[in-house]
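Questions regarding the structure given below will be posed in turn.
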Amino acid sequence: MPNSLVIRGLTKEYVPGKPVLSDIDLAFGETCINAIIGPSGTGKSTLIRCINRLVEPTSGEILFDGADLARLVGTPLRQARRHIGMVFQEYNLVERLTVMENLLCGRLGYVSAWKAWRRKFPTEDIERAFQLLDVVGLAGFAQRRADALSGGQRQRVGIARAVMQEPKLLLADEPTSSLDPKTSVEIMQLLADVARSRDIPVLINMHDVDLATRFADRIVGMSGGRVVFDGAPAGLSDAMLKQIYGGEDWLQ
Amino acid sequence: MKTGSPILISRADPFPKSLWPRVATVALVVYVIYACAQMEISWERVQTGLANAAHFFARLFPPNFARHELLVRGLLESLQIAVLASTLGILLALPIGLAGARNLMPPWASWPARALIVLARSLHPVIVAILFVKAVGFGALAGVLALTVASVGFIGKLFTEAIEEISSKQVEAVRATGAPFPSVLAFGVMPQVFSRFIGFATYQLDSNLRNSTMVGIVGAGGIGGTLFAAFQRFDYDFVCAILIAIISLIMLGEVLAAGVRAIFIDNATLPELFRRRGLPRRDRLVEDE
Amino acid sequence: MVSITAAETTSRRVWRRFTGAQRTARFMVYLTIVAAIVAAAQTIEIIPEFLADAPEQIGDLLARMWPIDWRAYPTDVHSALSETIHIASLGTLLALMLALPVGLLAAHNLVPFTPLNLLARLILVSSRSVNSLVWALLFVGIFGPGALAGTLAIAFRSIGFVGKLFGEALEEAQPGPIEALAATGAPWRSVLTFGYWPQVKPAFWSIALFRFDINVRESAVLGLVGAGGIGMALDAALNLFQWERVALILVAILVVVIITEIVVMQIRKRML
């Protein structure tokens, strides 16, 4: 796998002296589907969002695609973001736009603002959008308004939007937390298929451990802002889970 | 072991007479009496006035359209003032309103913009018209400038409020795709505020139409000047004709505005517009008049 | 990357944001707007020299207004200012009293008698379309100059505003509770007080407060046509070219308007 993401010494403090992320060292690129698990508030979401700088890291390096993402500002940052696709917990679609327009948002980094405003996207982009709709199982939905879709359908659009960017890396911030169990499995399957077919790593922040062990090639367990487990799902013992999450009752 | 007669339990009155509304009503009545006395409004004055009123209304009717060229010229000028003031006002209000949005813009941009908008709104358009008349002379220019200021104040304020109410998640997602700032505005912000913006803009056009019929009274052009002159000459039947013309123009404006809203907000087509009897009054808009 | 075969090219899917009919409608609107603007700009009688001169003239005017003549406040301005507030208050009260029945008549779900609805709507539209300044002119003609004309002007102008919004609030009232009350055999007046009024009460107060706020602004200018209030002091100062006094009056109006807005906002917060 050519792409690699190397995180070195990443620290984030919202309040000085109380770090949410402490000195994280991680490298991605060998494995395709990577799940990050851990209790709420342990910095999983912060870690994901530091990568594409939706959150500003306090210190550390994030090396990707030949640049340190933590240092970029302005246009280089924008251009780097084009290569990182993100899927959100609450889908974050633009409600008033159609599915097609939401998909085309993925190409905004590549099209001039004036052309985008007039909706004059290249025909290859339109064609790719239609094909992606087929892939995610939403053929014929192009003209529907985003707020007329169900949760699962919206997340499919969200995934398609991220893939429209032709990204080298996929980030997913609790993509299934707002969905019912059956749809969650479908979405995870879709994410896995998309990442594998494109041979790009995907980092999924999630709290459903069963789902994680089922789909992920590699699991990173976080607790208290630090990495406490990093390896294949098979190595995730009950004892290890207790260490990550604390308490036993939830372990059935 | 029950007794034959029911036991009466005394409970608190379920409809207690609360004090506040009564106090408020009494205070209100006292105030009305006081204010009337201050302004020398007495029942005798009203009565003499009513007697006068009958006489007055008789002179209004029938409306006299004899000087219709004058009337049409005045109306046209008012229309011109309204169109130009609305255009300028909308064009200016877009960037100023955007600059005032604290969730998108840094403080050095939002504070001056907000201050500008407050200033533009605070003075009545007629007063602003007077000042412009004194500054740039009589005529339509003063009217256009005055109503542009009023438009910027109104649309700017509502536009800023609309932008500050948008969902930041949608904007965040567009930003995460690496889109440049204008595209973030076009795809993340505008879809959320567009329909409300069209509502304000069409409303302001109507409002400017109303105001443009009035600024003439202070010399800023339009039918208001004709109206005032007719009044001072006691040409009450001409006054009546002018009023009818003004009301008709404004009603026409409201219908057109509703049509524009239907086309841009509900994506109506022309046949659909005509099929709709009674255009939907779904515009939950605040009138600023 | 997917390669596109000949067959796929011919059946390449196309995306249109709006249907043909929608685009025609939008285009007609654009065309009309542009035509209106061009026509207005070409025919309006504006002397270009005056336009170029404008910034300098405005600057000159502002310079003449400084320093503001504060000392004139107690003598000339204060009583006129109070009169303005009285005009706004009484005018709004009168309008509320008159607008309630008219608003009721205009609401079809309350008064299912269409001619009355239309008459009431006509009253409301006329009231709104005629400016408070024009109403003031009319009432000055009938009742003579003074605050009485001003109060009535404010009242009659506000009837349309209050009546329209109140009518809309009534039409949006949920039919459920009304149905329930009617089913108990309650008389019409009781259905009004117990079914409609509780639902529209918050909207009513909101409308009333909003209109009062606007009326304070409007009352300030009525004096320009002789209908009482601070407008008369403004008119006098303008005619005498006493710019410092004009500035004082403008500042006074500004302060009153801002205080009213704050007061109205506070009342809104407590009540709603």
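For reference, chains read A, B and C in written order, and residue numbers begin at 1 within each chain.
Everything below uses one rule, namely that a contact is a pair of C-beta atoms (placed from the backbone, for glycine too) under 8 Å apart; a residue touches a chain by one contact, two chains touch by 3 or more.
Quantities reported herein were computed from a predicted structural model and do not represent experimental measurements.
**Student:** If each chain is a dot and touching chains are joined, what shape do you get: line, ring, star, complete or other?
**Tutor:** Shape = complete; every chain linked to every other.
**Student:** If I average the CA coordinates per chain, which chain comes out farthest from subunit C?
**Tutor:** Taking each chain's C-alpha mean as its centre, the farthest from subunit C is A.
**Student:** Looking at contacts between chains, which pair has the highest count of C-beta pairs?
**Tutor:** B-C
**Student:** Based only on mean CA positions, could you tell me how far subunit A sits from subunit B in angstrom?
**Tutor:** Their C-alpha centroids are separated by 47 Å.
**Student:** Averaging over Cα atoms per chain, report the distance between subunit B and subunit C in Å.
**Tutor:** Result: the chain centres lie 4 Å from each other.
**Student:** Which residues belonging to subunit C are in contact with no fewer than two other chains?
**Tutor:** Answer for subunit C, listing residues that touch two or more other chains: there are none.
**Student:** Give me the residue numbers in subunit B that touch at least two other chains, ranges are fine.
**Tutor:** Residues of subunit B touching two or more partner chains: there are none.
**Student:** Check each residue of subunit A and list the ones that touch at least two other chains.
**Tutor:** Counting only residues that touch two or more other chains, subunit A contributes 101.
**Student:** In the complex, go through subunit B and note every residue touching subunit A.
**Tutor:** 167, 169-170, 172-180, 182-184, 186-188, 191-192, 194-195
**Student:** Which residues of subunit B touch subunit C in the complex?
**Tutor:** My answer: residues 28, 31-32, 35-36, 38-41, 45-46, 49, 52-53, 56, 76-77, 79-81, 83-84, 87, 122-124, 126-127, 130-132, 134-137, 139-141, 144-145, 210-211, 213-214, 217-218, 221, 224, 227-228, 231, 236, 243, 246-247, 250-251, 260, 263-264, 267-271, 273, 281, 286-289.
**Student:** Taking the touch rule as given, give the residues of subunit C at its contact with subunit B in the complex, in rising order.
**Tutor:** 18-19, 21-22, 24-26, 28-29, 36-37, 39-41, 43-47, 50-51, 53-54, 57-58, 60-61, 82-83, 86-87, 89-90, 93, 125-126, 128-131, 133-134, 137-138, 141-144, 146-148, 151, 161, 164-165, 168, 210, 214, 217-218, 220-221, 224-225, 228, 234, 238, 250, 253-254, 257-258
**Student:** Applying the document's contact rule, which stretches of subunit A touch subunit B when the two form their complex?
**Tutor:** Touch residues, subunit A against subunit B: 52, 54, 78-86, 88, 90, 92-97, 101, 105-109, 111, 113, 116-117, 158, 161, 165.
**Student:** Can you list the subunit A residues touching subunit C in their complex?
**Tutor:** Where subunit A meets subunit C, its residues are 98, 100-101, 119, 123, 126-131, 142.
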